[in-house]
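In the two complexes below, chain A is the common chain; its partner is chain B in one and chain C in the other.
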Partner chain A sequence: MKITVNGQEREAHAGESILDLCRREGIPIPTFCYHQAFGGQGACRMCMVEIKEDGQSRSRLVAACTYPLTKTAEIITESEQIQRIRRTIVMLLARRAGENPLLEELSRAYGAAHLPAITVEPANCILCGLCIHACAEMGRSAIWSMFRGVDKRIATPYDEASDDCMGCAACARVCPTQAIKVEEEDAVRKIWNKTFALVSCSRCGKYYATREELEYLSKHGDFGQQQLCETCRKKNLAYNIKTFQQ
Partner chain B sequence: MSKVLFVEPEKCTGCRSCELICSFIHAGEFNPLRSRISIIAFEKTGFSFPAVCQQCSVAACMEVCPVGAISVDEATGAKIVNHAVCLRCKMCTIACPFGATFYDADHDLIIKCDLCGGDPECVKHCPSGAISYREAKTANYNKRRANAEKFREVMEEGR
Partner chain C sequence: MQTEMNLGSDDRQTVLVCCGTGCTANGGREVFNAFETSLQDHPEIQVLPVVKATGCNGWCEKGPLVRLLPRDITYCSVAPADVDEIINKTLLDGVLVKRLLYRDPVSKEHLTSHHLTDFYRKQHKIALRNIGEIDPGQIDDYVQRGGYQALQKALLGMKGQEVIDTIKASGLRGRGGGGFPTGQKWQACRNASGNTKYIICNGDEGDPGAFMDRSIMEGDPHTVIEGMILGAYAVGASHGYIYVRDEYDLAVQYLRKAVDDARQRGYLGNNILNTGFVFDIDLIRGGGAFVCGEETALIASIEGRVGEPHDKYIFPTEKGLWGKPTVINNVETWANVPVIVLHGPASFAAIGTANSKGTKVFSLVGKVVNTGLVEVPMGTTLREIIYEIGGGVLKKRSFKAVQTGGPSGGCIPAELLDLPIDFDSLTEAGSMMGSGGLIVMDDRTCMVEVARYYVNFLAGESCGKCTPCREGIRALLEILTRISEGQGSIGDLDLLEDISFTMQQASLCALGRTAPNPVLSTLRYFREEYLEHIEQHRCPAGVCRALSIFYIDPEVCNGCGVCARHCAVNAIQGEKKQAHVIDESICIHCGECYRQCAFDAIKLR
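Moving on, here comes the complex of A and B:
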């Protein structure tokens, strides 16, 4: 299927999204809520592009991440109209996360007007929903979006420590604005109002995982875990081979 | 025919050249902390062991990955991490029984040996030949030979 992107002809697979095509062809499209592990959500609208499909008289704006390509089309990824939309999105998101380096940089790049900051919980959250997807992929779904409209925020049910949370912090690492706080000190990890006691390595005493994480792993299969940290697992293997050889 | 990264700890001198070249090729700096291969040295007995990913056929890292970010390289059989898909949940680092998959906190990446796409640099820079890249079928031929040698000695003593 022939797709024209910014005047150049490209080959697309039927049904793939505009964003997938552009990423593969190395055409830059900015995104906040897209992650290759989950695909598009169409939440942040940063990836808006102009498309004119076969048989249409005029182009229209669609979110590149969720729009499947089904017929020959012409796509424009940069135009004054698109630039204006992105500038507005960045301007609005910068109110929530103005001090975040990513938003600071984008505000400069798009020349977005500076509006007074608003307080959001957790601080710097732009509601992209990546953390929710990450948690769901882990099979936990401990966090979700709560309330509606201006009160909408990401939280555990009733802001309480969730039984489903295992403290893996995947949510924090996929967050584009580092809004999710993970505190790790000595034997304790704190995230989403829950305090985890960390399990220590039986050889060197280093704290390396939460009990819940180990339970999660044991459900996925027996890989001969021995309550050892990564370094001690290497040492253990080396030691076994040494004893075997001598 | 599949090849394996074959280590012979009895040949390893513990010079750590492999750690340096590995981190240089993959991370652009000489930093053993970012090397995919590590030398475990027993100083008192003078025994060193190059610990590296075994590219297990049923790989724990691959089995536990919730998003399928670790896949098999068809050409080499290496288990490769796709950083664009990876969520950094670190389950693979806890699951690996050999501690060969780990998290680089400074650069927010899960790192493990990828066999350099079929041309491992550590092999080229190992001065003592303790690491080699050879056909899986014939890799341990020398070990078998050494064992046979021991048998011969025992049998001759018995005469």
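Moving on, here comes the complex of A and C:
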């Protein structure tokens, strides 16, 4: 399927999103709520582009991350109105993430006006929803979005320590604004109002995961029984492959 | 078209007691019960009149209504205590109870039937054709008025495609707000591949103040059901859902009974009218938020997921409920379908404007003399609705604007009163048909406050998923609040417009895309009022408290004392028949006196 992006012809797979095509072809489109692992959510609206499909007389604005390509089309990823939309979105989100470097940088880049900051919970959260997906992907679904409209926020159910949270911090790692606080001290990790004991790597001694996380992972058949941190596990894997090949 | 009244097949007297939600709240049920019991005390009557509880006649303001057939007499504001008099005088002696008749405010004449009032004369009922005429709990009442004949006609004599062609030819467009051509929607679903298809009736009606869909579901549930069966037959669906707003208990009750009765009669189930056609309906209670009425959110909600919208780049007609092709239509849309199929598309298409056919039900409320539900042909002007049907602006104040379409709509000024209203004319005017809300506003309405009211409503009703809507609404609300408090600046108007642009262009669903309409339409038609708030710190309607300072003009004041009695903080002093004075140090600027004074003696500084 032939798709013209910014005047250049590209080949798309039927059904793939505009964003997936552009990512593959190295055409930049800014996003907040997209992640390769979860696909598009259509929530942040930063990825708006113009599309004119075969048979249409006028182009329209669509979210690149959720729009499936099904027929020949012309796409424009940068234009005055796209820029205007992105600038406003950055302006509106920057107030949620006061001094966050990412939003500061984007505000500068887009020349977004400065609106008074607002207090949100957790601080700096721009409600991209990635953490919810990350946690669901871990099989836990310990966090969700609570309330609706302007009161919407990410939380554990009833803001209490959740039985489902295993302290893996996958949510925090995926967060674009570092809004999810992970406090680590010695053998203890605190996240989402819950305290976890950390397990140390049997090779290098570094604290690297919570007990709950390891139990969960081993129950679900991943990883061996050895308690190794990421670095040591990679080393170990490389060693195994080497011995296997010999 | 056979939408005229049918006054019963025999001459037996019928008492129709309105027991819609409005009349019930005012004692309609008690009136109904009083008729049933009192009639028992009259062994001398040989053929007892039939007493029926009906759905809403759309004139709740004058309720509880009692109608007597075959003479077509309508009594207003009937109390249980009036029942004996009605029985003795009217039913037994044929004499009218004059004090219960509606008195035309202009001609001062007593009108024997509501059909003779200005409020009803100009109406044309298709979707509401049966409401008020039948007991919604009796399938036979519906059948007697031509109900389920369209179904027989279609199932026994038409192909599915012919039903779609009929709907297309009628020009019917969706009454749920968007105005999408119904036949085209059905065609897309029929053409979609797959054997499992669904039909949904959208009865969420989350618009504040709207009650047209409720009144149809409560007053004529079978027309919705018959419409859905016809739709199912046309597109090849075997299951349907009616999604009813959670608060609508009475609607749920009547719909449930109607579905059961229809099944018993063989209109629903595994072998409809012995043709082998299979279709059944389930009821679902709504999720509670305004946004749940949006079709993708509604589908998510039926599936048990969070009621949040999704991008609709693939239409529900292709991938809807549980990923299957789905037709979703509004209650009023469904209610038109049996009429179109039974009488053919031509008579329907003969009503209305070039691109909007048929009628539309509006809920006419606000500062207008007659309020209620009105069904008028598309293309009726705002002036006809507000002045002829509605009887003009209350208290003879001057008309300022009419808000149409609820939170997604806008305010239309006096210059456009002669606008023939249909889907396209309203959109062009910067408003929307929406679900059909019409709120009349007088000169004491502040347009900044109106915009603020709707944005504030949406702040709690948007789902909050996408940035333009959630953060845009937040920002609009802050700016409008600031302006209404006298803290606005000229730059705020540009900011309102800039944010609105992004909301319209980039929001995920139509809630966010239309949310700026109340703001943009008031900016478009009442910009000077915004400027007056910002530059002169003055609210010309006397609504925004921070900007309204009232004083009494001693030349005009006649000392009637009404204002003083209504002032909550006793800020107004004065001798009887002497000019009164407002003590500014006590006054809290609520404007109550301003609204109460019948002589316009209270002024704004």
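The definition used in the following text is that the second predicted complex is superposed on the first by the 213 of 246 C-alpha atoms of A that agree within 3 Å, B and C clash if a C-alpha of one lies under 4 Å from a C-alpha of the other, contacts with A are read in each partner's own complex, and residues count from 1 in each chain.
In this text, contacts are C-beta pairs under 8 Å (C-beta built on N, C-alpha and C of every residue); 3 or more make two chains touch, one makes a residue touch a chain.
Since we're looking at a predicted model, the values are computed, not measured.
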| item | value |
| --- | --- |
| First, second, both or neither for A:Y216, with chain B first and chain C second | first |
| Which superposed partner A:E53 touches (first chain B, second chain C, both, neither) | neither |
| Chain B versus chain C as contact partner of A:C44, first or second or both or neither | second |
| Residues of chain A contacting chain B in one complex and chain C in the other | none |
| Chain A contact footprint on chain C (complex, rising order) | 289, 291, 310-311, 313-314, 458-468, 470-475, 477, 495, 498-499, 501-502, 505-508 |
| Of chain B, residues touching chain A in the complex | 9-10, 38, 40, 42, 45, 47, 49, 51, 60, 63-64, 66-67, 69, 82, 84-91, 93-100, 102, 108 |
| Complex contact set, residues of chain A against chain B | 35-37, 134, 137-139, 168-170, 173-174, 208-209, 213-214, 216-217, 220-221, 223-226, 228-235, 237-239, 241-242, 245-246 |
| Residue ranges of chain A touching chain C (in the complex, touch as defined) | 32, 42-46, 48, 61-63, 66-68, 81, 84-85, 88-89, 92-93, 95-96, 113, 115, 118, 126-127, 129, 145, 147-152 |
